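Read from first to last, the chains carry the letters A, B, C, D and E; within each, the first residue is number 1.
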Amino acid sequence: MSQYKQAIDKPYTLTVGVLLAVTMLIPLGNLLTDSDSALHFSAYIVSLIGKYLSFALLALSLDLVWGYAGILVLGQGAFFALGGYAMGMYLMRQIGSRGVYGNPLLPDFMVFLNWQELPWYWLGFEHFPYTLLMVFLAPGFLALVFGWLAFRSRVTGVYLSIITQALTYALLLAFFRNEMGFGGNNGLTDFKELLGFNLQSEAVRALLLLITGLSLLGALLISRWIVNSKLGRVVTAIRDQESRVRFLGYRVELFKLWIFVFSAMLAGLAGALYVPQVGIINPSEFSPLNSLEIVIWVAIGGRGTLYGPIIGAILVNYAKTVLTGLLPEIWLFSLGAVFVLVTLLLPDGVLGLVRNKLWSSTQPLPVSGVPKP
Amino acid sequence: MLKLSALQQYYGASHTLWDLDLQLNTGDCLCLMGRNGVGKTTLLKAIMGLIPVQDGAIIYDGVDLSRAKPETRAELGIGYVPQGREIFPLLSVEENLKTGLRAAGKRGIKTIPDSIFEIFPVLKQMLKRRGGDLSGGQQQQLAIGRALVLNPGLLILDEPTEGIQPNIVSEIGDVIIRLNKARGIDLPRPAPEDIGEIHQAIVRIQRELGVTVLLVEQKLAFARKVADRFCIMDRGRLVADGLMTELDETMIKRYLTV
Amino acid sequence: EDTIKVGVLHSLSGTMAISETTLKDTMLMLIDEQNKKGGLLGKKLEAVVVDPASNWPLFAEKARELLTKDKVAAIFGCWTSVSRKSVLPVVEELNGLLFYPVQYEGEESSKNVFYTGAAPNQQAIPAVDYLMNDLKVQRWVLAGTDYVYPRTTNKILEAYLKSKGVAAKDILINYTPFGHSDWQNIVSDIKKFGSTGKKTAVVSTINGDANIPFYKELGNQGISAENIPVIAFSVGEEELSGMDTKPLVGHLAAWNYFMSVDTTKNAAFIQQWHDFIKNPKRVTNDPMEAHYIGFNMWVKAVEKAGTTDPEAVQKAIIGVEFPNLTGGVSKMLPNHHISKPVLIGEIQGDGQFVTVWQTNKLVDGDAWSDFLPESKPIIADWTPPISCGNFNTKTKKCSGQNFK
Amino acid sequence: MIANTTIQESGASQPLLAGEIDSRHGPILYLEDVNVSFDGFKALNHLSLYIDSGELRCMIGPNGAGKTTLMDVITGKTKPDSGSVYFGQTINLLELDEPAIAATGICRKFQKPSVFDALTVFENLELAMHADKRTWPTLFYRRNAEQNERIHNVLDTIKLTSLSKHPAGILSHGQKQWLEIGMLLMQEPKVMLVDEPIAGMTHQEVERTAELLLSLQGKHSIIVVEHDMEFVRSIAQKVTVLHEGSVLTEGTMDEVQNDPRVIQVYLGE
Amino acid sequence: MAEREQAIDWLATDKRSLNILQALQEGKLFELKSESKLVTVQESTNGYLLKDVVSGIELSEVERSAVGKLNLTNKLRSSLRKAIAQLQLNETDPAIRLTAVQALGKDVDDKALVLLSEHLNGETDTDIQLAIQEILVLKQLDSQDRSQRLAAVNTVKTLNSQAVLNRLETLTDKDAEGHFLEPDNEIRDLADAALSKIKTRIMAYAAVETVFFGLSLGAVLVLSAIGLAITFGVMGIINMAHGELMMLGAYTTYVMQKILPNQPGVALILSIPAAFLVAGLVGVAIERGIIRFLYGRPLETLLATFGVSLFLQQLVRSIFSPLNRSVTSPTWMSGSWQINDFLSLTWNRLYILIFCLLVFTALLQILKRTKLGLEVRAVAQNRKMAKAMGIPTARVDAMTFGLGSGIAGVAGVALSQITNVGPNLGQAYIVDSFMVVVFGGVGNLFGTLVAGFTLGIANKVLEPYAGAVLAKILVLVFIILFIQKRPRGLFPQKGRAAEN
């Protein structure tokens, strides 16, 4: 439509293409070839990429609220973790009587803390469809209640950021409590099966990766459709001049709420995809620092671009994987330096660089090309 | 006093000011005119150092300022009243005025001159109110007052009458004329024993020095009243200039109407 | 060149780096020494160090990386229980070996994990016995950080105390979050609880960073070891080296090793450590000894099996004995725990412990506590015919990893 | 001449309308005894004002008289301490918030031009366009040919066609003024509140603005605040003078201009 | 060890052994291995300087390994304490005598009782007399004479003494079968009344204590937030490295104590300016090196300073090791101000509270009274215009950021007195710091102060009912809900300007 949108179309297409290739190639390679084939990837690679893609989805979800709606959520990890816990609870229930104490109903951690019955909120999680619903509803509902309160009272800017941080911090402390019935610090682990399939089997891993990749692609397509819709523009307008939008007759709080809840649900989905692939969900996912890191991924990739955060999340996490193995003693120096340098040298994130070099568009860009008010 | 030569300015890839030359003599009151978006504000910002220029020179009192910091320009006595007022919204009126005292202090001004309150009495009434709470017109007065704290040698005004009530507009006109023709702030009435040649000399020097004014203004009547020279811009270039009296209908038709 | 790789999986950054970095160095030292002795099976050992950064999922990822990419023969690592829980499915899936050197809550026995730290019966129970019998303690504060290890330990202790006739009103249980730093109320409560005239003691399962402010507050509120002794299970020489020990003098800790124990083996170990780390002031501690024992047992088992193949090592290591640093000979038991002496020490002004009590023989680590009703019937035995980490002696069924 | 092509029938098609505006008894906007104070300072002082349906009302008064505050009250930005504000006979504006008031058909141009910098000029207009402004319909909204044309007409009117694909952030001050006027046109309001529309415009543009406003009267009720007397004279029928938060006088331009009080506090000379 | 206990008892009978016992208590008594002889030691450059235990005459200098320290256990320590107290009962200094009496009073056996009552006759100091009488009157409760007991109950009810409370409780308790332990009704009723009197007083003291706990927690919060109130609140920089700047302050204290190993108090005081300089200079470096390129892009400061925080953490890990460092508290910061048995205020917290108020006042004065204060705010609100008015923004920025950072460093000095000095110190406080600043209202220093104390007290009032974790959760929820009511914190910026 407008010229600058064309400018972002190219990297967007590229991102979609690469993602599609990766998500199809690796799982299909693993499903269709023998283990000694060149197209066969180790479980390590598969689960690593699966994890990156879940994080990418998480980053994408944050970009919607932060990049487009200007709501700097410092508690996005809370929604991710809730989705993850929902999935974790399902996986726990799937263990059934194969737990160490052989209790058919209660997860192990409840048995040795003398719980007599399953708490009510664990009911239903033995059913996958219910779980799937909760993966979206649990974070969605929290976002709805929280957002409704906050947006209605016109809490904005750092105030909103900090109370989202307070939210995730409170949840962190709550989930740490063993009385909450979510396994305390240890969280939920020792998963065995998903829908009756062995989680440790190669095929299931490959399929999980495929599903994660497709979810990410789907989310990217939908998100792009949303930000290019009029709603997307209203939301962008809210980011820049919230009060002005009200006078045009839009209910700012509802628009914010809409995008906030949608983003929370995406984050929940990311969490649900993440958990079976890494094999653990624990309250530290609620830690404010984790949420802060998500912000970093988005910023590194380039906010307000949708594909930037995806690349940011993958790059940062890949860097982590490599550096923690390669320079275990001093990798924080390098990561810290990378963060500083990217900010100083690449104001539009890594993607800004790529975009400027490859597509040297003279058009100002939607977010940072214009001086902020 | 101020000499611009071959000034070039770009916003990213778009060329906003083209090879601009302009000369302002001490005591001049020059009105810069032109349609919307031709680059008037941009030029003023460049003179103030708020945006970088790519090429060309800005000579003020013989010093090349084209790479100098805005702070330095303020210290040298360039006062700036921006379009859109740019009041410090959370500072009180008094504090807004005080922001200029550091630069003014370099030239011996330690407190806010009372004359500013004579010119804009409303500021005195609202001394403790936050700048951002003032009405649009009050803010404009504050913006001019703030620039005057610097006791400027060159005063740059970007559409100073915007949103100002008519009687104040004409007062602002008078103020500009007064500043321009005489060195602004009236001297205190001399004690009888001081009356003499020295005092006379000081007054004369001040009158001759007068504040040089560079004004952007759309309102013809106002421009005609205060300025003695005009200068018309079109698409980043200077296209005409002359004495205010020479500004005729054909020129207006050609450059100022759409 | 052909080497045998050994994975070292300890956090070098993040909250746990405080404790775990030392263990990484310990492993490097042990491997270094083994290489000086000629390596293993004629090959050199090579340490592969990674940093799981105190991030639990990252522990799993790194474990997988070590086993798949680096093909390590064994992993020495983890500190917190949750990091172990995170790594567990990975080592089980890939049939790796993990040596876990920290005291923990028990209730676990995996075919692929060797628990060289203390089980609750090798630390908590003897400590309480000491307080009850020697110090005549009648009132008990069980203070811990809110996570599995303290929770489980305290459950075991509560059951144990009650079985010894302690009334419920004489037990005060308190949990605080990780890194808790404001102890004013809790210490004040402890003071009140302990001022009734009956001898009171605090059994502390407070973890890591929370200890410094806790002891500071104890000192400042005037609780000395003479009135209300505190016995800790997570405060060792290394933790003390970061504290102002003046107000701590006389408080207690229960471990299986103290740096101050005067044996030639220990002196040599300390000397070796100081040489390796190039700092004569560095202390040694219990988990270091656990790695020392664990590593050497692994070496012996590999030599015995003639291969590093995990399956063979798992078989070979059971029954392997290795002298520990405090005088006894520890043995790898069929339940993958080891036998250890239990020592109780009093903190001295120089940050060392004086042993005031010790078991007269080694105590076998018990994976499944006899003081928890659900665990009582369960045993772990990785030798045939049971070959299972949680075998229910009542139902004769095996659950968990080798569930059939 | 301009507006005929751009402004369609308004009123009947308001989907979010809280009810028909009842202006049978004359005025469409009623403000009675409105008081607003800030930290003790009375910005509006027992102000009463009536605007008739289809009327073009000019509002003048010294800086700080309370003109902008008045608009803030009408549009719901500022809640008065006391008084009543009605739209037609039935809609109590004090019970509504900003979007609800906007939805009833009261729209506003701000004194300080406020457009959405990150959006293009085109998108700015599209956002303002009269439409169903709830979330889901906005999400699924598709522009039709007629709407497209309307936007283009307005672009022509405000002379920004060539810049339509540029982000509004790069516009000059005067261009932003025009864009805001364009956004106002797109909203097809019943009542337009126009705060200092011509600041920063050239003489000729001022004339065009005057023409535009004149062509809109009758269909819309308009309140214009301006300090440029020449401009006011060129459009004014009825002029209200505000002073220190209340109405000083009201009347035709001539009456007002010759009122000594107005001369003293406002016009000067 | 049992032998040592006997030895102590034996020594306690001889006045000359006081030196030996005190040396033993202070851990200065060593055995010279070669001669099996007891000596006291003093650290010297090459090892230890030996002195004769009794006379204190210097003997010789030996290597560390030549001597072995005589270790103590709790049992020995308490025998020692008693023994020393017995010997000190006749010291000339009344303060020492008083401590001796109190030490003996801790658990009185018959021997001590006799000793004390004998001593009472000869004692001239009234405080000491009172202290002894208190011990004796308590013993009277056990007397055979009923009237003496009644009188004793009446006397003790005015005392704020834990021992009295415990004793009274045993007078009113029932045994396992539900019979009263004390058969005498009158005494029991009297004891009951006395008990309720004392308990009322205890409640009042507990309330005072809770408020103090809250204020001292608040002081820590305020201290850690107040630097941020400048860098974040006034300058608008989301400074994620704030916690690490505090950490630097804490490490400065550690280094100062290393430099002055024998004067922890002096070192602590000197640490305050030193930490201000260290953290302040690092702050200036961060501002000049990174942040100045990011003005107008506030969110990017978050990213960059997060990088800086990782860097600084790893830096101290590399320099000081990942372990916690031990920072000692000088004696005047240790222990507590014992008002009575039921109320005591710990010195370190008290000092930190005072320190916090001092820092706050100083800062307020700087921002109010100096030109810097005005210029900082002008720059923060409109950088370009500030430049145009001639404000040297670069210098103002650097100085302000340096000031905020320096104060973070000073806060670190205070923290070193109550918590870990380690690489994670910063992370433990960063979330709370932001919370306090935002809760108080960004840009309002006074808000930060009130917010810190409010949250501190709220936490401490809730803690006894809800426990530490739940209390914290409740406080967080309270913050979230409070912000709904006041979307701009406790003390919001008001007016038109703040709305957009």
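Keep in mind that, in the parts below, a contact is a pair of C-beta atoms (placed from the backbone, for glycine too) under 8 Å apart; a residue touches a chain by one contact, two chains touch by 3 or more.
From a predicted model like this one, the values you see are computed outputs, not experimental measurements.
The set of chains touching chain D and also touching chain E is given as A, B. Taking the mean of all protein Cα atoms as the centre, the chain whose own Cα mean lies nearest is A. Ranking every chain by how far its Cα centroid lies from the centroid of chain B, the top place goes to C.
Placing every chain at the mean of its C-alpha atoms, the farthest one from chain D is found to be C. The distance from the centre of chain C to the centre of chain D, each centre being the mean of the chain's C-alpha atoms, comes to 75 Å.
Each chain gets a centre from the mean of its Cα atoms; for chain C and chain E, those two points are 31 Å apart. Chain B and chain E have Cα centroids separated by 60 Å. Looking at chain D, one finds that residues 38, 170 touch two or more other chains. Counting only residues that touch two or more partner chains, chain B has 133. With touch defined as above, residues shared between interfaces to two or more other chains in chain C number as follows: 12-13, 146, 175, 177. Against chain C, the residues of chain A that register as touching in their complex are 42-44, 47-48, 51, 97-102, 109, 111-114, 173, 176-178, 184-187, 189-191, 200, 278-280, 282, 284, 320-321, 324-325, 328-329, 331-332.
Touching chain A in their complex are the following residues of chain D: 16, 75, 77, 97-99, 102-103, 107-108, 110, 114-120, 122-123, 126-128, 133-135, 138-141, 165-167, 169-170, 183, 187.
Against chain E, the residues of chain B that register as touching in their complex are 48-50, 69-71, 73-75, 80, 82, 86, 88-91, 95, 98-104, 130-133, 146, 150. Those residues of chain A that touch chain D in the shared complex are 2-4, 226, 229-231, 233-234, 236-237, 239-241, 243-252, 254-255, 258, 364, 366-367, 369-373. Listed in rising order, the residues of chain E touching chain C in the complex are 27, 71-74, 77-78, 81, 162, 166, 169, 209-210, 213, 216-217, 220, 313-314, 317, 321-329, 334-336, 338, 341, 344, 346-349, 417-424, 427-428, 459-460, 463-464, 467-469, 472.
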